[in-house]
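Structures are listed in the sections that come next.
Heads up, the next two complexes both have chain A, just with different partners, chain B and then chain C.
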Partner chain A sequence: MPLRFLLGIGLAMLFANSAEAFTAYVSNEKSNTVSKIDTDSWKVTKTIKVGQRPRGIAYTKDQKYVLVACGDDDTIQLIDTQTDAVAGSLPSGPDPEFFTAGPDGKLLYVANENDNTVTIIDIQRRALIGAVQVGVEPEGMVMSPDGKILINTSETTNMAHFIDPVKREVVASVLVDQRPRFAAFTPDGTELWVSAEVGGTVSVVDPVKHVVEHRIEFAIPGMRSDAIQPVGININRDGKLAFVALGPANHVAVIDIKTHKVLKYLLVGQRVWHMEFTPDEKYLLTTNGLSNDVSVIDVAGLKVVNTVQVGELPWGVTISDH
Partner chain B sequence: MLSKAFVLDRAVVNCAGFLLAFYAALLSPVRADPRYPDWPCMQPKVPELSAAAMWSGPSIADVGNSWQDDSKVRELVEMIAARRTPLDSAQKAIADFMTGSPAEKERKAKLVFAGVFDTLGDQRREVMEGLERVSRKETDLAEKIKSDVANLRELQDKPDADQSEVKNLASEIEWSTRVFEDRRKTIRYVCEVPSTIEQRVFALARSIQQNLP
Partner chain C sequence: MIRTSVVATLLVIAVSPVLPASTLDVKIGYIGSIEKMTTISLLEMPAPNAGLAGAQLAIDDNNTTGKFLNQSFALQEIMLNGEGDPAAAVQKLADAGISLIVADLPADALIKAADAGRERGLVFFNAGATDDRLRQDDCRMNVVHVAPSRAMLADALAQYLVWKHWTRWFLVFGSHEPDKLFADALRRSATRFGARIVQEREFKDTGGARRTDTGLVQIQSQIPLFTQSAPDYDVLVTADESQVFANYMPFRTSQPRPVAGSAGLEPTSWDASFGQWGALQLQSRFTKKFSRWMTALDMQAWTAVRMIGEAVSRTNLADAKTIVSYMRGPDFAVAAFKGDKLTLRDWDLQLRQPILLADGRTVVSVSPQPGFLHQNSELDTLGFDRPDTKCQLK
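Coming up: the complex of A and B.
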């Protein structure tokens, strides 16, 4: 058999079997660091010192930076993804916790927990350009898939606010259950899911009618209901499955989006908070604040396949798109 | 010209007033859980550990106290539950113990987890009860300081006030305030302990499950 042919087969097999390695960055709220994880070896390859109380974390659209909200420093730091060093900061307003970017990646919308505002930042100019007054203790931030509506949840007012990002004003507010934490749209934009940490539910909101259409409740055999505290929500690209982090219940609920029924509960680490898919949606990473680790869920098999120890009180996770 | 004693007494009154206001802020409605009015910690109170929150192995519902009847299990539980035992030593001890057929491993896993869950659950409960006991004492002390401050103010406003009485009451307030503040710092430190215990139970549970077939 020709050598060139055998070589070609060998190379094809090599590429077929090798896992695609992405990079995950995890914010560690208590140790004031960010852990960098290689998703092929599942090892922490670097621990980056950042500002105080890092929580919200996300890649910029161009993948050049990882933004980290450092709440106690009242700033959002930029980690250069080439050097893994802090390369600058954005003025964020007081106590930034969570943020989301506009569809073109130019503007950042930041929830300022102590100030009851959503602050708007021009990322390139590194300048504050506006603010929207919202309810008490804003946290969850998400942009609708069409980029026309920005959602912010306010923890104490128990609202999901609908904000027109052009007019920079609240156009509607929907009362959800107690202490809403996070919001996520289905990929087609027809449903807005809002988790309520104390209420113990996820409200499914019609984003046009501004009404709660369904309430998803959770029940794990042998567990007190008040230990089930939904926080992060991740919905896969085909809009079939939603994953909800249940906080001190230490489980992630897997939900069929069509029926709104829970299919399975997966035991992960302690105080599971936020999650992120790898770009191929092969894995879902969860941050577990009390066990100080990240769980790796095999999405197709719906099982936990790995655990990676990170810093203290891991809060958020962001993953490269290549 | 105000006397030095008068100025110092006023300083004591102002300091006590500030601390009381600060403590009242700590117990503000934003953070307090009305279900547990004596719970002094920022961390929400989770009254009991839940086995379902950390164990997906075989059910321990039928174990009860039977883990105590097996001396080897009892010794292992005592060693791995102790917070002075480093976690990696505990994990090794678990791995060394979890030998035998799949059925035997399952039997051992249930007994060891039940033992760890009971032992550390009891410790956690004691710590939490202690926190609430101290919190009630702090509330009582805050009320006493408040009452003494009001009395001292009243005394100081009297032109013919007995100065030794004023001095004694000022000293009493200063002492109570110091006790209040020291106890508050201790409470903040001890509030971390229930979570620390829970972390240990989870880590041990995970270690036991990792040794199941």
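Coming up: the complex of A and C.
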């Protein structure tokens, strides 16, 4: 009896150490749904009906809500993470596609694709409190690690705009390659990485000098170069590895940040766009639009270990802190 | 050498809040032709600002970008009425200090304009003429082709029909010159991609109105008669740029067969129903500004002005010579909502581009089709590839 009891505790500890279960939410652009995935069983545990054309998706800092941009409804909906039901919406401005929160989690910065505008929303008051004019078709949004600079990319203007979030104005713009979709900072804030979907490159920008210091190119044997269309970029916490989703090339590139060299290409599902790490960085989840699934990458082993079927045209993914 | 200097320029153009003292003003000319064309469908009647509207929207887009680069763009347009002299229009624009001109002109008028502007260093962006000869024997060093050629359009359609295994074609062509030229392009495509034309018939334009009050009654008995007794075929392919008969073919042929070419499934550079690859944003900007759908001609003019904007933003220069040599170089590419980047063929200055296949309500497919391979760019499976070119750029 005592032995069994001890064994039980031992097993529980083993499980606790081996894999903490997190919750992932995936926006399905065509189904108008969000799929909830349990990262322990790798099963979809719930499918939530949301507004039209859900794309950008993220947890709020307090983890109470998952925000999802519903572009065709001109709104950002809040999914209550306790009930998994839509609990309200934010006034986002026209056609919201992607957004990022400020460091304290109170303000939301939204790219309004149809309006050449970045809109600022107070999440708690659910009120629009400001706007910044940027280039044509704003999309990528990221805040610098110190919270002092907000980046927006504009797809037809081909720029990364540096926005002062206090003054709410563009303080600098850097030309990158064609159709910049996504931007990410290295954890120390010394490099800004910007993917160019049509240009087929990732530009590494010096965020102080505002110049492109390096341009990362991709080549996959047997793959036509036009199919290599970088979108999502995820950089791990120690700032050593970057993962770049290559769209219709169906691969994720693994890049050594120090040398800017591609170490490996991982085959995932079709038309891979956005990605997210589990908080322990054991796994990286990718959304594969054309195969309607999510690939699970084992980050330490650099291999794909699982695939989860979700709704139609999965676009973005967000994962809980616990 | 060019490449090195361009890369250097790219690295230098980082735009800080401290902008250069003077703005780079880029004036772009537009020469259009107001063509009174009667179409079979009321929906296809050309708007008075067809083409021009696309150029105007691209000026807006260039200016949104330009405000971060201290560059400003303006359009000066001259619309010719049928008999207007293109050479005179060119002189007028050149006198206003303009050297980059978007042209929507028929082939002969375009050549006349290009030759008139040559000595003054003018460069033309052909947004309207699809004539193959402009890319072949009649190519010019100062004419960049933004509009796809008839050969590209026909190849795009042929690839899809072959992919569908609809390889037995019944070709019906009109009696006007452009119809015959499109029929030539379709014959070339059939040979290239392995389709067989089992029957050809000419539909003679005998004059008369496109629409009459009770004309439908006649048409639904005339078309079955015209298309009967053909050998068995998979698809009726029409060449009717003059819009005399092709739109009468669907659902009226003697045998129940799909229609393609100038009606039914049409190859085109743009369609108002198209929303993929971010196209939705462009379509909504356009309809908001002009309260009508965006046509292929609008898109071609938009792309021409955006190509100029792209080259100016990368080089920070606006002289015609720099712009064209940058566009011919390896670093130029423009994004135009087609999934792939568009680049320029250096052998005939034709813009490489995917071609949409639209049925009038939706886009059915986009060519090149899977399986049509090429050693450099699959887009070069459409139109005249380097080995096929007769163009000698001088």
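Quick notes
One rule holds in what follows: the second predicted complex is superposed on the first by the 305 of 322 C-alpha atoms of A that agree within 3 Å, B and C clash if a C-alpha of one lies under 4 Å from a C-alpha of the other, contacts with A are read in each partner's own complex, and residues count from 1 in each chain.
The rule is simple: a residue touches a chain if its C-beta (ideal position, glycine included) is under 8 Å from a C-beta of that chain, and two chains touch if they have at least 3 such contacts.
None of these values were measured; they are calculated from a predicted model.
In the three-chain model built by superposing on chain A, chain B clashes with chain C. Contact with both chain B and chain C is seen for A:156 once the two complexes are overlaid on the shared chain. Once the two complexes are overlaid on the shared chain, A:305 sits clear of chain B and of chain C alike.
Once chain A of one complex is fitted onto chain A of the other, the partner contacts of A:291 are limited to chain B, with no touch recorded for chain C. Looking at the shared chain after the overlay, A:116 reaches chain C, while chain B stays out of its contact range.
Of the two partner chains, chain C is the only one that A:199 touches; chain B does not reach it. Of the two partner chains placed by superposition, only chain C is touched by A:212; chain B is not.
Within the superposed three-chain arrangement, the count of touched residues of chain A is higher for C, of the candidates chain B and chain C.
Of the two partner chains placed by the overlay, neither chain B nor chain C lies in contact with A:263. Residue contacts after overlaying the shared chain place A:171 against chain C, while chain B stays out of touching range. Residue contacts after overlaying the shared chain place A:85 against neither chain B nor chain C. Here chain C runs into chain B after the superposition, and of 206-214, 224-232, 314-322 or 386-394 the stretch doing so is 206-214. Counting contacts by the rule stated earlier, residues 156, 224, 226, 248 of chain A appear in both its interface with chain B and its interface with chain C. Touching chain A in their complex are the following residues of chain B: 30, 46-48, 50-56, 195, 198-199, 202-203, 206. Partner chain B is touched in their complex by these residues of chain A: 156, 220-224, 226-227, 248-251, 267, 269-270, 290-291, 307. Taken together, the chain A residues at the contact with chain C in this complex read 95, 113-114, 116, 135-137, 154-159, 161, 170-175, 177-179, 198-200, 209-212, 224, 226, 248.
Those residues of chain C lying in contact with chain A across their complex are 10-17, 61, 64-65, 68-69, 278, 281, 284-285, 306, 310, 313-314, 333-335, 339-341, 377-379.
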